[in-house]
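The structures come next, written out as structure tokens.
Two complexes come next, and they have one chain in common, subunit A, joined by subunit B in the first and subunit C in the second.
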Partner chain A sequence: MSENAADLSGPTRDALAQLLLGIADDEFVIGFWDSEWTGIAPMLEEDVATSSISQDEIGHARALYEMLAELTGQDADQIAFGRQPEAYRHAALMNHARTDWAFSIARRYLYETADAVRLEALSRSTYVPLAQLTAKMRREERYHLMHLDAWLRRLASDADASSRLGSALRTLWADALAIFSPVPGEEVLVRGGALPEPMEALRTRWLDQVLPVLDELGLPGPTEQDLAASSEDGRSRRTDDFLWLHGQFTMVAASESGATW
Partner chain B sequence: MVVAADPREAVVWAALDEIADPEIPAISVVELGVIGGFAFEPAPGGGERLTVELLPTFVGCPAIDVMREQVGQRLRGLELADDVDVRVSFATPWTSDRITPEGREKLRASGFAPPALIAMDAPSVLDVEMLSMVSVVTCPHCGSRNTTLENPFGPTLCRAIYHCANCRQPFEQFKAV
Partner chain C sequence: MSDGSPSHDRVWEVFRQEAEGDPMIHSGNVRAPDEELALHYAREFYGRRQESNRLWVVAREAITELDDPDLLKPPFDRSFKRPGGYLIKHKLEAAKARAGAPAAGEGHE
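== the complex of A and B ==
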């Protein structure tokens, strides 16, 4: 068990920094995408719900960026807002624009279910600050899971919505699998228990949980091709959609470099 | 750590109990259960430091910085130690079960249904138990249990929105987490 950053070996610290950066960027970018629904979600209650879920995710990103900053001696705001687009390490799933409501629900369902598997594993991490933070995050994420499960079932019960959901899932599967791309230096983390299981094992657990639900609702799982696709660049591929979003979320920070709020 | 008999401890608790939650001012930070604890410790540069552990209700709670500032300012004003350090911590996860009985009563009196008392285990994807979070909630206005959950997400991260079919009033619940 490691109580703080100073107890870690150099290789463990580097690999842990890569792991934290990927998770923080996932939460940060999906939080910004879905915050775009504020004011234009299909119903008033959903305006509030999507905004609240996005605020949770950005809050989780902040806590993870702060943990990362402590590990690397950087500044959390600088990590969040001061990088060029190619330095972000979110999974390719977060490269897509918000698109329509079914698309956003499909993406978030895939993300929330995968995140739940990842958080459960990390709550057993031997790096104590990470185990503590993820244990706390899981209590909040429970509401997200419940909400997304309800939306998935609701959309799946309507012919037009279900067909949109299906086509969104077909577009997203390969990029969703990138959530479990191997982390650079992963073997060191698994050996020391900071990451209790390899990403490959988490990916299998996630698919085992999600595929029966999608099957029951008549929604598509990944194709053989999706499953076989290389995940080497799963966290480094970038798209024009993300470049646009990056311009949006760095706008304020870039307008007054070094400002605090 | 000092022994429990330190007379300054009661002074600190009383001072903290005067600090209102920035988002629900009817309840104090002590009643909300966000004070994990405090200790008088030797400061690294000499002298004595009062260290306070602050537990956020939600990881992304935007009020936590305000609370941190208010707690620090109030305790520095007491001049009980040379320095005051307020740390945000997840070492003990805040859960809604930490709200004190007095706090729950004050929530109810100000129109908020207190959270259901459930020691929730961690979630898994297809957990039927998830529904236990949205158990029957009593209307804080009329006491009826004929209420429905309108939205598990409300105006702040920690609040859900309900409707009472008896008095036909909407009301908020402090979320069980």
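== the complex of A and C ==
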């Protein structure tokens, strides 16, 4: 058990920083994509729900960036807003634009279910601050999961919506699997228990949970090709969609560097 | 926003309890196609700021309403049916005076 950053060895700290950066960027970027539904969600109530869930994700990203900042001696805002697009480490799943409602629900369903598996594992981390933070995040993510499950089932029961969901899932599967790309230095983290299980094991658990649900709803799982795709660059690949979003979410911070309010 | 289809138009009334033991107080309503999303939206509108201990969500059509003025606002003076409506202050004073005067007189003897 490590109570604080100073107790960690150099290699553990470096690997932990990579792990935290990936998760924080996942939460940050999906939060920004889905906040684009504010004002244009299918109904007013859903507009509020989607905006609120997106805010929750950005809040989780903030907490993770702060933990990372403590680990590396940087500034959390600088990490969040001060990097060039190629320095972000979110999974390729978050490279896609918002697209239509079915696409956003498909992406979010894949993300929330994968995140739940990841958070459960991290709530057993031997790095105490991470175990505590992820335990807190899990309580909020419970509602996100309920909400996404409700929407997935709803859309799956309608012919047009279901075919849109299906094609979104086919587009997204390979990039969703990148959520569980190996973290640089992962062996060190697993050995010390900061990451209680290898990403590969979490990926298997996630698929075991999600595939029966999708199958029941007549929605596609990953193809052999999706499963075999290399995850080497799963967290470093960037797209034009993301470059655009990066321009959007860094616009205010870039307008006056170092400004405070 | 609503596309006007009837499935979006069900209204759910939301009651909120602030702390355990407090009464459930009507807070407002949400629109949702079914019970499940109604609960989610009630949570978003009336519970996401940690302001609620419990929510009740009731389909508006499940509520039996009475708003008949003949039953609720009868035309005659029925103020004596209200706890404060029947003024006994003066009668009580008179009764005290009647009972108290001889007793006071007796006390002096």
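Operating definition for what follows: the second predicted complex is superposed on the first by the 261 of 261 C-alpha atoms of A that agree within 3 Å, B and C clash if a C-alpha of one lies under 4 Å from a C-alpha of the other, contacts with A are read in each partner's own complex, and residues count from 1 in each chain.
Here is the rule we go by: a residue touches a chain if its C-beta (ideal position, glycine included) is under 8 Å from a C-beta of that chain, and two chains touch if they have at least 3 such contacts.
The structure presented is a predicted model; accordingly, all values stated were derived computationally and were not measured.
Visitor: State whether subunit B and subunit C clash or fit side by side on subunit A once the two structures are superposed.
Guide: clash
Visitor: Once chain A of both complexes is superposed, is A:D34 in touch with subunit B (first), subunit C (second), both, or neither?
Guide: neither
Visitor: Can you tell me whether subunit B or subunit C touches more residues on subunit A?
Guide: B
Visitor: So in the superposed three-chain picture, is A:D25 touching just subunit B, just subunit C, both, or none of them (first/second/both/neither)?
Guide: Once the two structures are laid over each other on A, A:D25 reaches no partner at all.
Visitor: Does the superposition put A:D115 against subunit B (first), subunit C (second), both, or neither?
Guide: In the superposed model, A:D115 contacts neither subunit B nor subunit C.
Visitor: Scan A:Y143 for contacts with subunit B and subunit C and give back first, second, both or neither.
Guide: Both: A:Y143 reaches subunit B and subunit C.
Visitor: Could you say whether A:D175 touches subunit B, subunit C, both of them, or neither, answering first, second, both or neither?
Guide: neither
Visitor: Check whether A:V48 is in contact with subunit B, with subunit C, with both or with neither, and answer first, second, both or neither.
Guide: In the superposed model, A:V48 contacts both subunit B and subunit C.
Visitor: Hey, what residues of subunit A end up touching subunit B and subunit C alike?
Guide: Residues 45, 48-49, 52, 143, 146-147, which sit in both footprints.
Visitor: Can you check the complex and tell me which residues of subunit A touch subunit B?
Guide: Residue positions touching the partner: 45, 48-49, 51-53, 55-60, 62-63, 113, 116-117, 120, 123, 129, 132-133, 135-143, 145-147, 149, 209-210, 213.
Visitor: What does subunit C use to touch subunit A in their complex?
Guide: Contact set of subunit C toward subunit A: 1-3, 8, 30-33, 36-37, 40-41, 43-45, 48.
Visitor: Which residues of subunit B touch subunit A in their complex?
Guide: 56, 58-62, 90-91, 93-95, 120, 122-127, 130-131, 133-134, 150-155, 157, 161, 175, 177
Visitor: Going by the contact rule at the top, pick out the subunit A residues touching subunit C in the complex.
Guide: Residues 40, 42-49, 52, 143, 146-147, 150, 154 of subunit A touch subunit C in their complex.
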